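Labels run A, B, C, D and E following the written order; every chain starts at residue 1.
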Amino acid sequence: MKDLVGLFPYWAVIMLMMTGLYIVIAQGNLVKKLIGLGIFQVSVFVLYIAVGVVDGGTPPILDDEFAVYSNPLPSVLILTAIVVGVATLAVGLALSVRIREAFGTIEEEDLLPLTAPTHPVVTGPEAETDTNAGREETRP
Amino acid sequence: MTQHQLMLAAILLPFATALLILVTGRWQNLREAVTLVGAAGLAIVVFKLIAGFDAAAAAPLVLAEILPGFKVMLRAEPIGLVFAGVAAGLWGLNSLYSIGYMRAEHAPRQTRFYACFAVALGCAMAIALSGNLATLFVAYEALTFATYPLVVHWQSEGAIQGARRYLAYLVATSLVPFLGAIVWTWIAAGTLDFTPGGILDGRLDDGLLAVLLFMFAYGVGKAALMPLHGWLPSAMVAPTPVSALLHAVAVVKAGVFTLLKIAVYIFGIEVIGRGVGDLLVVVAAASVIVASLMAMTKDDLKARLAYSTVAQLAMVTLAVALGEPIAIAAGVLQLVMHAWGKITLFFGAGAIQLATHKKRLSEIAGIGAEVPLLMVAILFGALSVAGLPPFGGMWPKFLLIEAAVDKDMTVLVVCLGLSTLLTLGYLVPIVIQAFFRAPHDDDPHHLPEKHHEEGDLPILALIPPVVTAAGCVVLFVAAPSILAFVAPVIGLGGLP
Amino acid sequence: MILPDAILAHAAVLVVVLPLLAAPIVALIRDHRIAAPLAILIALASVVLALELVNATWGGETISYALGNWQAPIGIEYRVDLLSAAMALLLTVSGSLAALMMSTAIAPEMAPGDRPRLYAALLLCMSGLTGIVVTGDLFNVFVFLEISSLATYVLIASGSGRDRRALTAAFDYLILGATGATFFVIGIAFLYVVTGTLNMADLGERISDAGRRAVIVGSSFLFVGIALKAAMLPLHRWLPNAYAYAPTVMATFLAMTATKVSIYLMIRLTDVVFHTPGELGRVNFAALMPPVGLAMLVFGSAIAVTAKDLKRLLAFSSIANLGLMLVALGLGGVAGIAAAMINLFNHAIIKGGMFATATAIVHRRGSARLDAMAGLSRQMPVAFIFLVIGGLALIGVPLTAGFVSKLSVVRVAFDLGDWTVAGGILLSSLITVAYVWRIFEATMLAEPRSDAPKGDMHPAFWLPVGLLGAGTIVFGIWSAPVIELSTRIAHQMAGVTP
Amino acid sequence: MESLLMIGLLAALGAIAITVAFMSDLLVVAMLSGIFSFTCCALFVLFDAPDVAFTEACVGAGVSTVLTIAAIRLVGRHEKRGGRRASVVGLVVATVCGLALVYGTLELPRFGDPASPASTHVAPHYIEESKGEIGIPNIVTSVLGSYRGYDTMGETVVVFTAALGVLILLGGAQSRPLGRGEAPARRDRDVILRTVATLFIPMTLFLAPYVQFHGAYSPGGGFQAGAILGGALILYGLVFGIDALNKMVPERILRVIAALGVLLYGGTGVVTMLMGHAFLDYYAFGAGPSGQAIGLTAIELGVFMTVTCVMTLLFQRFAIRGVM
Amino acid sequence: MTDMFQALAFDFAHLPAGWPLMLAGALSAAFALPIAARNIGWVGLIASLWFLFLDGAAPVLSPLDGALALAFHLVAAAGLLFARPVDGAPQDRAAVSCGLIAAGAGAAAIASTSLPALMIWTEVIAIASALIIMAGGTIEAVRGGLAYLLLQVLAGVLLLLGIVYGLGTETAGVLILIGLGIKAALPPVHGWLIKGYSTASPTGSIFLSAFATKIAILGMVRFLPGTEVLIWFGLAMAVGGVLPTLFEANWRRLLAWAVVSQLGVMVVGVGLGTEEALAGVVLLAIGHVIYATMLFVVAGVMERAGKAAPRGLGLLVFVSMLSIGLPGLAGYAGKAVIGEALIHHGMAWADYVIVAVGALVFATAGLRPLVERCRPSGPGATNPTAVSGRDVAATLILLAGSIGVGAFGFRLSGHFEAAFHVGPLVVQAVALAAVIVFMATGLRRLLPQGQGALDFLAVPWGRWVTGTLDLAIPLGNIFVRLGEEFVAMFGQAGRLGGRAVLGLARFVTYGGVGDGVLWTLALLTVVLIVSFG
């Protein structure tokens, strides 16, 4: 029993990872993929923290009564990883908004034919307004 | 001028000419003058190299080291100088002829034409004077790419197609089997330098040596050994002076010259002689016969000459494979004689095309009356390529038969005899068709009257064939001296 | 070197921090006419620093720089040996060349207001990659990997001004890149669990007595994460779209750097962390790399033959050349690694040169499609000549850098008596001839359209294109520097004194 | 008791993840991802990692959910009905990979095992020495700021890069220019929101600096404080309109402060270098814990500035983007 | 090998004999002006004579060889006189130039000391003769010429092989015998001579008849004396050659058969191999050169005049008839010496055969045409035109040569006077008388004359050779098609392979980002399982 409990967090993490990846693989919607990616990354955070836990240890804040502390290093790494996760999510969402405006859809099945390599160069319906505006200024 | 300076001059002069041609591109006559001066200069430099050559002082000149052990090195040695002599000699004539030809054909992009010509000659010189297999490969590749613009000159659909196949064959054979063989040799022998007596003796057992020889034979695509000869006929899309360059002066000669150097300096003649080259002998002999037969079926003049070249080159491969000093001597002589004979035929074919705007054999009946001198030149060229005595072509055939007899390969002797007859079979009809046949053969007694559309045959296109035809006869006499020049290297003692 | 020795001591960290901190400043500047020169200046400064690093580590020494003065396993440590210094040099040079071309190249595509931010993104990408190359701490590699990846997604997406498909290319690369990075972090987690440390050298010592199975899982995750970034065969889907639709100047930078850093990581991990040259954990390179490399060589070249767009063609050609590098890595041993490094540097120069020329052509003609390049040889002769030089180098014609790299790999294959690999390389290089010749025929033989814009390369491109073109030729003839550098690196990797 | 709670929470996480897979309404999915993050915070607290819980709550749950919803506003709420093709292959590969990983973890040291190498090699140094070397009770902050300060700098740059990216992507004409007035209150619906907000926002304005400066003693620090303040500003923008937020904190200023934050962090490192010490070696400011204190506060301030401004900027970009 | 070099060790100090002739021939071919061709010819002829006999530096020739060379020059002169390049067919110009080259080459062959040198000059003669035949102006002439060239080249190759094997060995002997046999038109291979001489232009036939065969015989004399089998061969050839002349109506074909029979006699002499016999052979060669040419000149005039013989032709025919067999003139001496040699050899009956053959030739080639063709019989047959002066001059020159041979025979060789012993003279007189009687009276009508009589004897060797050429073309086509199939199959396989690789590559590369992550996961699983395994 002790063994099972001992490794249960890792197995749970692995299950979460696989679910997260399954969502990215199977779901067609781009935003859905981003969220799947988020789940996948959060499961990694749980893995790191699970590694750092010490039985009977208290949170790594020095105090007189306590002697045994959990491992602080995973917490530091995860702090960084969380922020990285959000940064990636933000850029991903911005991209999906632009794709929605450029292609009119964010479903993978619909996007594939539109982005096939053989298509001639098209800057998309919205391009006339968006970047062209920018381009007027530069033209002498 | 020491030998090193001469060698460098021989290589750099054509490239300098090419540059000058590009610069003077707009003024046609100036550009043509530059080509001719360049050709003359090269001829002089090479002549001085040959005249002043003595085996003792032939120290190598290292230019660069691309990879440790893979050096760019020049060294003058007899066989190289013979090839350089042929190339340098015929470049002048070829330029003269191409001036006449290109102007008569009002060809576009002539500046690029002459520049690439000069570059191709520069590569040929580099191949001739290369001191090791590495330099030879570098120059060999450069030659392929330098001649591509020439082959694709007309830039018509057919030209592009032909040039594409030309390039596919040459680059494919040089990048895979040839480079593979070079690296294999480099590893087996530790060095790539050309050393008399060969560097592979004892390094690999005979079975592997045979495989390596085959890799070289088919790797050197320019030697057009069957069945990888496809590029030669497809290169016929090029203008005639280029076909002359390809088939006589630079490209194919570079191929067989490479085989000769590999046989003499990498394998060593005795090594090939003791059985390593036997299978290649069979292939080469078959190639001679089959190519001759195919030549007979070709109605287009230049295609017929192309297959004839495949056959004649296969003879050099045969010489290499026999592994006898006499055979190698035959190879060297064939290299010279075929160059002069075949270039005459091509000049002739081009002149005929200029005069009568006709390319096919069946169409040139009865024009002998108009240009007798041209026809006599073509006859001399044909007989020299066929190998009949009063012309230089006889020597290589005679020495090959001698070598075949020495190795008592009677079948081979019969093949060589047969090939002489076949060569006559497909070359002499050209002369007959032109000289003796009336334009319309149905009524035998009709006398060939003046040809109706009178093509203007520029004088420039007439002189070169006559000169080269005379050259064939002169070479018949000069053959022994060439042999004496080459003998010490190929271990052929006892010559007068 | 020319720098005061005070700065020299910190060269290792400055080469990363300088561009990193310059980026926010450049982003803040409103006027792009000031931001561009500043970015170029910073990039050139980091080149000088990188040169200094190379000079310091040339003899085989390793610079160790403890960040925050906390010694190795406790704090983060920068460990710079010749391999890192050389890679840093390559990255900074590529960055400065891209910066040089940037202002002219993206003028038509990007609103002037956004351009300073794009320069900042380029600087961040460059410093991120340099950060990966010089660090000795595994988690630090992840952080800088994220910086460079995010900056790369932005750089690719900025191509949407010319072609909307840049957005989907960036999105695909984001998803795949994030997955790869997370795999990398999982790998670090497993290794951390069984060794307790994040420092590579320290990890190296403790890995032998660590739990075998955890090391296997950890190394597998690490390998897949790196393979994805290195665009190895099954995971190369992001590369063609990324290079084809990113602005060409970004594609130039990416072609010279992106996948090369992953190859560096593979060499670094096998050498320092796992001490088993030729094997990452249980992933045996000798067994895996040659077949995958050859497959990449064949598949990349095959699709390149059918590509209709020059940038897409060059992208697939990059995949093919990567395959060659992996084959060299797979052959292993001192000679193998040396051949891989020669290939790496030469390919960066050749492919960089061709992409730079493509930038100039796209800048002048508006599109990189092959049929739009008809008659290039007459209208843009200088660009055409550099395209020819690059093309011949790709084929591996002697007297070009391409020949040196191909020959070095073939020679190693022959030395090991590995006929199939040698034959495979030579045969698949034939397909290269096919697609390179498509470029020449498109540019030389086709008749030019009458309305094609006149005028040759814009002066801004002369230096980068000229430099890289000249490099292709010079390193083909006088190849001593590249070969000397690579053999020294290989000796260092195998622990043998040069 | 604790292990039961752990199993419960992990099971909850699993359940949420699976439901996300089957939901087609993106808003619901966004909500679920928020809930998922909060459950993780609980788990992190259980695993003795309060700092991480705090960050996950503010950044992981708060900001990302807000951003996702803002994006859904632009991208459309519903996933294409037929779009979800259950990828059988993906399922099979995922399960096989999961099993392989489970097999791989069998030899890992047991959960919470004190003798595991992770807790015996580098961690003891932090636990024993940080009191003497850095002198602040919260070891996580000391490791974050000092021992691995360089990582945190890298991470700040990541945040800044994200802001840079979004500004480039969502700049341009599609976004309407920011006004400076207050959005008209909509009588019927906003009353509750506005009153709660007027109470709630000042509270958070005080909480943020507390978390920032108390970080040395209790869980907290630059990231958490930045996220809280950012959240507050976003709430203000949500309730009183983006233009009101822009009047209070103009976007131009946000961009400058975000950049300054990174420069402040990097600057401290450069200053230590100029003073002859290694990069980011806070002993340059003074021997012992006092130097470290100065250094830590400086970099924490830098991080605080950057994170706050970037979070607000991100939200602003999404909010002002016109709907297609 | 080395003797090959000596043969060709060409030092420019002394050129081969007869080089002016060759030069003149080449030059006349080059310039289109017919008149110039002939004048250059004369200049070349005179220069060659001066160089051959008077100039000190020329290689010294034995009297017999010298005489033969002189005979060659006489033939060249006759040819030049007879040729009408202006009004006649333009082929005459080709015939003249090639003829001159052949003459010069013949002289050089005589002057050459070794077999290789001789072989080379025979090849030159062969080429020139082939061109002469081809200049015949008709389709058969051209095919005949090509066949002739191929046959001669085959012979040359055999000679080359013989040289390569080295003179001493037995196989070399056989090879050289066959080679020279072909060139000397020995029986199975004599078809080309009949066909060649008849289809060539009149001027061409004059040059043809002289050089090619005689040099071959000379070769046999110098290198293959005394091979027994040749005696019987010679006899068969002589008899076989003379029979068709009895029935042949075409004058030039008749003369060709006569040439074959005389060659047979020479071969008999060679077969004997005794010193006397060989001298006899050379003497006969010289004589035959002269009278054969006279006969062909006459035939040429006849042909050029059409059906009615011009006045004065009878005289020419009479004179050439005499020099066939009349003692004291060219033809008789050689045959007589050979006869004597046969008798000494103990084959007296063979001598009578030779004398009979000689007489028959005298009758059919000389007497019959005189009687039938030249006498002005039938109404209005008197042809107004007379034989042109040029032809008469040609015949006179040859007659002078014939007389010269008869007169100076003694100085040529010691065995000459053997021909004028009583025995041979009596036998010759009896034979001639018998033949005259037969021809003069009506008996000759017993022998019907027809075009191409006994042609089956002239084995159609020529058509076989050109036939092989025609056979080669379909064979070549087979190889061409084989090549095309090989390339097509290769291209097809390449295209197929290319499409397969491309399909696979596209499958791996293109697809949504979901597939990308799927591939990543799949790779991870594979790597894990492999590593665990």
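Rule of thumb we're sticking to: contacts are C-beta pairs under 8 Å (C-beta built on N, C-alpha and C of every residue); 3 or more make two chains touch, one makes a residue touch a chain.
No experiment lies behind these values; they were computed from the predicted model shown.
Engineer: By the touch rule set out at the top, what is the minimum number of steps from chain A to chain E?
Structural biologist: Step count on the best path from chain A to chain E: 1.
Engineer: What is the set of chains touching both chain B and chain C?
Structural biologist: E
Engineer: Measuring centre to centre, with centres taken as mean CA positions, what chain is farthest from chain A?
Structural biologist: Checked the centroid distances; the maximum from chain A is E.
Engineer: Given the contact rule stated at the top, which pair of chains has the most C-beta pairs in contact?
Structural biologist: After counting contacts between each pair of chains, the winner is A-D.
Engineer: Which chain has its C-alpha centre farthest away from the C-alpha centre of chain C?
Structural biologist: Centroid comparison gives E as the farthest chain from chain C.
Engineer: Taking each chain's centre as the average of its Cα atoms, which chain lies closest to the overall Cα centroid?
Structural biologist: B
Engineer: Taking each chain's centre as the mean position of its Cα atoms, how many Å separate chain A from chain C?
Structural biologist: Distance between chain centres, rounded to whole Å: 25 Å.
Engineer: With chain centres taken as the means of their Cα atoms, state the distance from chain D to chain E in Å.
Structural biologist: For chain D versus chain E, the centre distance works out to 110 Å.
Engineer: Just the number, please: Cα centre separation of chain B and chain D in whole Å.
Structural biologist: 77
Engineer: Averaged over CA atoms, how far is the centre of chain B from the centre of chain E? Could you give it in whole Å?
Structural biologist: Here the centre of chain E sits 35 Å away from the centre of chain B.
Engineer: Could you pull out the residues of chain B that touch at least 2 other chains?
Structural biologist: None at all.
Engineer: Quick one: which residues in chain A touch 2 or more of the other chains?
Structural biologist: 17, 21, 24-28, 30, 33-34, 51, 73-74, 77, 80, 84, 87-88, 91, 95-96, 98, 108-109, 111, 117, 131, 133-134
Engineer: Which residue numbers or ranges of chain C touch two or more of the other chains?
Structural biologist: Where chain C meets two or more other chains at a single residue, that happens at 111, 113-114, 139, 143, 146, 150, 153-154, 157, 171, 175, 179, 192-193, 198, 213, 216-217, 240.
Engineer: Could you please write down every pair of chains that are in touch?
Structural biologist: Chain-chain contacts present: A-C, A-D, A-E, B-C, B-E, C-D, C-E, D-E.
Engineer: Looking at the complex, which residues from chain E come into contact with chain A?
Structural biologist: Within the complex, chain E touches chain A at residues 510-515, 517-518, 521.
Engineer: For chain D, which residues count as touching chain C in their complex?
Structural biologist: Residues 101, 103-109, 116-123, 125-126, 146-151, 154-155, 157-158, 160-162, 164-165, 167-169, 171-172, 255-256, 258-260, 262-263, 266-267, 269-270, 273, 277-283.
Engineer: Using the touch rule from the top, collect the residues of chain B that touch chain E in their complex.
Structural biologist: Within the complex, chain B touches chain E at residues 227, 230, 290, 293-297, 326, 369, 372-373, 376, 383, 386, 388-390, 394, 398, 401-402, 405, 413, 417, 420-422, 424-425, 428-429, 432, 435-437, 441, 444-445, 447, 477, 479-480, 494-496.
Engineer: Within the complex, which stretch of chain C touches chain B?
Structural biologist: Spelled out, the residues of chain C in touch with chain B are 392, 395-399, 403-404, 407-408, 410-411, 414-415, 422-423, 426-427, 429-430, 433, 437, 441, 445, 476-480, 483.
Engineer: Per the contact definition, I'd like the list of chain C residues that touch chain E in the complex.
Structural biologist: 171-172, 175-176, 179-180, 183, 213, 216-217, 219-221, 223-224, 227-228, 233-238, 240, 281-283, 298-300, 302-303, 305-306
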